Amino acid sequence: MKKIINKPENIVMEMCNGMAMAYPELEFIQKYKIIKKKEINRNKVSLISGGGSGHEPAHAGFVGKGMLDAAVCGDIFASPSQIQIYQAIRETAGDKGTLLIIKNYSGDMMNFKNAAHLAEEDGIQVDYIKVADDIAVQDSLYTVGRRGVAGTVLVHKIAGAAAEQGKSLQEVKAAAEKAARNVRSIGFALSSCTVPAKGTPTFEICEDEMEYGVGIHGEPGRKREKVITADELAQRMVTSLLEDLQMKQSPEEIALLINGFGGTPLQELYLLNNAVTRELFQRSISINRIFVGNYMTSIDMQGASVSIMKLDEQLKELLSFESDAPAFKADK
Amino acid sequence: MKKIINKPENIVMEMCNGMAMAYPELEFIQKYKIIKKKEINRNKVSLISGGGSGHEPAHAGFVGKGMLDAAVCGDIFASPSQIQIYQAIRETAGDKGTLLIIKNYSGDMMNFKNAAHLAEEDGIQVDYIKVADDIAVQDSLYTVGRRGVAGTVLVHKIAGAAAEQGKSLQEVKAAAEKAARNVRSIGFALSSCTVPAKGTPTFEICEDEMEYGVGIHGEPGRKREKVITADELAQRMVTSLLEDLQMKQSPEEIALLINGFGGTPLQELYLLNNAVTRELFQRSISINRIFVGNYMTSIDMQGASVSIMKLDEQLKELLSFESDAPAFKADK
Amino acid sequence: MINSINSGQCKEMILYIADKIIESEPYLTEIDSKIGDGDHGTGMKRGFSAVKKELPAYMPKDPEDVLKETGTILLDSMGGASGVLFGTVFISGITKRRSKGTLNLNDFAEIFRTSLTSLKQRGKASVGDKTMVDAYEPAVIALEKAVQEGKTLVHGFSEAAKAAQDGVQYTKTVKARFGRAKYFGGKAIGLQDAGATSIWIIFRSMSEWISKEKEEAAL
Amino acid sequence: MINSINSGQCKEMILYIADKIIESEPYLTEIDSKIGDGDHGTGMKRGFSAVKKELPAYMPKDPEDVLKETGTILLDSMGGASGVLFGTVFISGITKRRSKGTLNLNDFAEIFRTSLTSLKQRGKASVGDKTMVDAYEPAVIALEKAVQEGKTLVHGFSEAAKAAQDGVQYTKTVKARFGRAKYFGGKAIGLQDAGATSIWIIFRSMSEWISKEKEEAAL
């Protein structure tokens, strides 16, 4: 294992601190590993997400105006504890209640839900939504039901915009749920990630193989198979995603997210975007907005995922709302 | 070699097209592999950079308001030809002249200078500046003098702001030169990049080794040595950079750029930032602004570079000017 | 010879478990590295180190309080799914009980049966899925059997520890559900589950502490 | 027997070089992969494919025009440092000349000497730096020697091709300057330079074309 680190056990702390140093608008609460906006707007619904670390910039990079109010950072690939999340809820609570956005993993679901109960006992209004966008597998290593992956970032965006507009908790939740319901993702890995605590790759993979449908913790996907070209990948992924969204040659608009897993350079992500957009155009699907980059990584894994969100007028409006998080800057 | 590609020879074209798809404000001129702003402001100095591809998002990702007007894309690690650059000059020429920002590599210097001459023959006012910020080596594989690396991105920022303010060619050049004169960089590689045309790593490196002072094409650095911790790396790099800038315990302010080489995840870059900022604080150097991310990559190389720019009042003002390029969004 | 334990003894017993779990960190790491992501040992160590730090100063009303506080510390410090799951083991059997001030074998059997049910609900795992349930359920059954047969506290926990150990052995024979086995295919066979191993260590430690306490009581 | 060539012949000669370079792409790729970044073959092929595409339609006033156009096409299509360097080889000897309408051995010697000087200025490389200069300089010297000795065009180019080939062999014996050798250390020894190899192919092709033309002229 070759990494720019000191000791594996200090990675999360040092990394979070390095993030807070880079973005003066963020504050890092060391004790509970919370990254939050320095200034909380109490007149809007507060939004919190988080989960295991190792998915940088998720989720701390999405804390900012028009996105999240706080991100709770667990250990690498391990949900934060309920007390961390509970503290984040307390630190960011405003007058309009708090919405938790949870990627569907057993640990996250349990800890976030417990934290919500604890906070409710304090009289804070808390609700949550679950994102389960990965069409690769049904139940998986760490989940009951589909996994929550890169589509979560678009859910942050939608919820963030709705909250910024001053909507009620119920309305923000409804918008976020609509976003979650309309987003699908699928990814593939060319290499395994290496969890620092373990020090060796999570899985073995041959020089000519890929894991199609891989999860963001290096969990198994649908199939171990021979590497195919970017065009073939695009064709397959777009077909599955649209099928799952039940979109066929429709005039509907979509948002597209080409997400790198951390070890794949932008060069290849742009190239994949070229292939994916061509596939979409061939099906007469119009693309409202495209995001390409590292949004929901799997430590240093090589590979990428494609997320498609079906848009209606409301989602379109919310998507084009200004956001100013370090890892998600969008203009009106 | 495992990459998300179709054919190695089509990478640059498909990648540029994928970029233009993602950013509707950009236009891709296929014939000359130019990425330019769709709308050129003729009342400001035009700024052009470019070079070999493989450094994404450099330079096309820095085309946008407050940064470049066009980026000229060569083949992977090969300068664009003079005719490509000449065409970029023509396509973006305004009333105030054009400044070329060139990373110091033999091929780039020759082709950009030739292009400037060709354009001058057409009556376009063209000048250029050279960035040679890499303190690792003096002459190198592809250069006479120091290499131009990640510091170039900060030079784009300064020149871009000066141009946006309506300054004259001479003034913009002076600002850019000041920026170039005050920026230094040093990097290290944990792994080699793999040039797609070749298909195998550019250099061999053992599991416990790093190349300290590596160039952005995988050129040799100062020394092949054992991997050290992030803290040790930070200590060494900061010491060398400040020494070269002749800054010691001074009250001067700096800008800091922690740049990933493409294969290193954000997690490690933030961690490195934590170590580097601590080193700087220990020396009572105050940091005006920090940038962390993949700015000047070396295809899929693992590793990072640190750039420090010494700031005076003018540079501080220009640095904090708004910019809106896809890979460099800064608010006032 | 003790047949029930009070809150002070319960605290000592938990602190003894904590020492044993912390000692076992490298062992657990090795196991989770072979088939998981290698973090189980550090997670358990983090949790029980927090227990060692915080439990001594805690003033319990009754032994149930001790178990609940232990679970809460685990829940708060471990994170991950296993933080909740191991927290559940100690907490969920307590919540609806009224304490008698001491815990006898029957109390332990009731408490752990309730928390097992809770754990299975939360984690959706059953015996045979290669999880901690494979060690925990047999241990609970052993406690219940000992109660029915009128055995001592010492005997009951000794049987439970053995049953948990057999459960760990059993995890070697099954493939994981939830797709984990995919990467390992046949190779999952032969490898034991990390969480089950922790459950075994917990029961073994309780058994050791109780029989030691018994000896001391017998002096 | 031809002792000078006109613009039409010059065009044919260049197109012959282009075929030979294009044919050699895998060979050049292999060489540059061993010690460089593996792109020299594709770069040269790209340049000379453009020459094949564009030169035939070009209407030159004189043979100098042909060389200049060739260099310009290389410059425009190849990119990289080598685009400029190989462009220089064909262009820089021409710029200040007044054409006589044909090129004899002395003209070629003069042209290539001038472009060699230009190339060395631009690239800052000298003989011994393991670059194309190691093949080009001896080739130019061979042309000049043949002029002095009053040799034929055929003989002059045959000597130049041999000298370039020796130059390629020589590149195997030296380490690269500019740090390239660093990665290869002693291993650079034994490996030939890609750019030098291209120069040799260019001179060998000119020599072949001229002697073929001579035979045809002799028929």
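So that you can tell them apart, the chains are marked A, B, C and D in the order they are listed, and the count of residues begins at 1 in each.
In this section, a residue touches a chain if its C-beta (ideal position, glycine included) is under 8 Å from a C-beta of that chain, and two chains touch if they have at least 3 such contacts.
From a predicted model like this one, the values you see are computed outputs, not experimental measurements.
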item: Relative to subunit A, chain with the most remote C-alpha centre; value: D
item: Highest C-beta pair count, chain pair; value: A-B
item: Between subunit D and subunit B, distance of the C-alpha-averaged centres to the nearest whole Å; value: 34
item: CA centroid of subunit A to CA centroid of subunit B, Å; value: 29
item: Intercentroid distance (Cα basis), subunit D paired with subunit C, Å; value: 79
item: Geometric centre distance via CA averages, subunit C-subunit B, whole Å; value: 56
item: Topology of the chain contact graph, where touching chains are joined (line, ring, star, complete, other); value: line
item: Pairs of chains, among all present, that meet the touch criterion; value: A-B, A-C, B-D
item: Contacting residues of subunit D [partner subunit B, same complex]; value: 29, 32-33, 37-39, 42-43, 75-84, 122-124, 176-180, 182-183
item: Of all residues in subunit B, those that touch subunit D in their complex; value: 9, 52, 74-84, 105-107, 110-111, 114, 137, 139-144, 195, 197-200, 202-203, 217-220
item: Residues of subunit A defined as touching subunit B within the complex; value: 2-6, 11, 14-19, 21-22, 53-54, 56-57, 61, 190-191, 207-208, 210, 227, 229-231, 233, 258, 262-275, 277, 290-292, 294, 297, 299-300, 302-304, 324, 329, 331
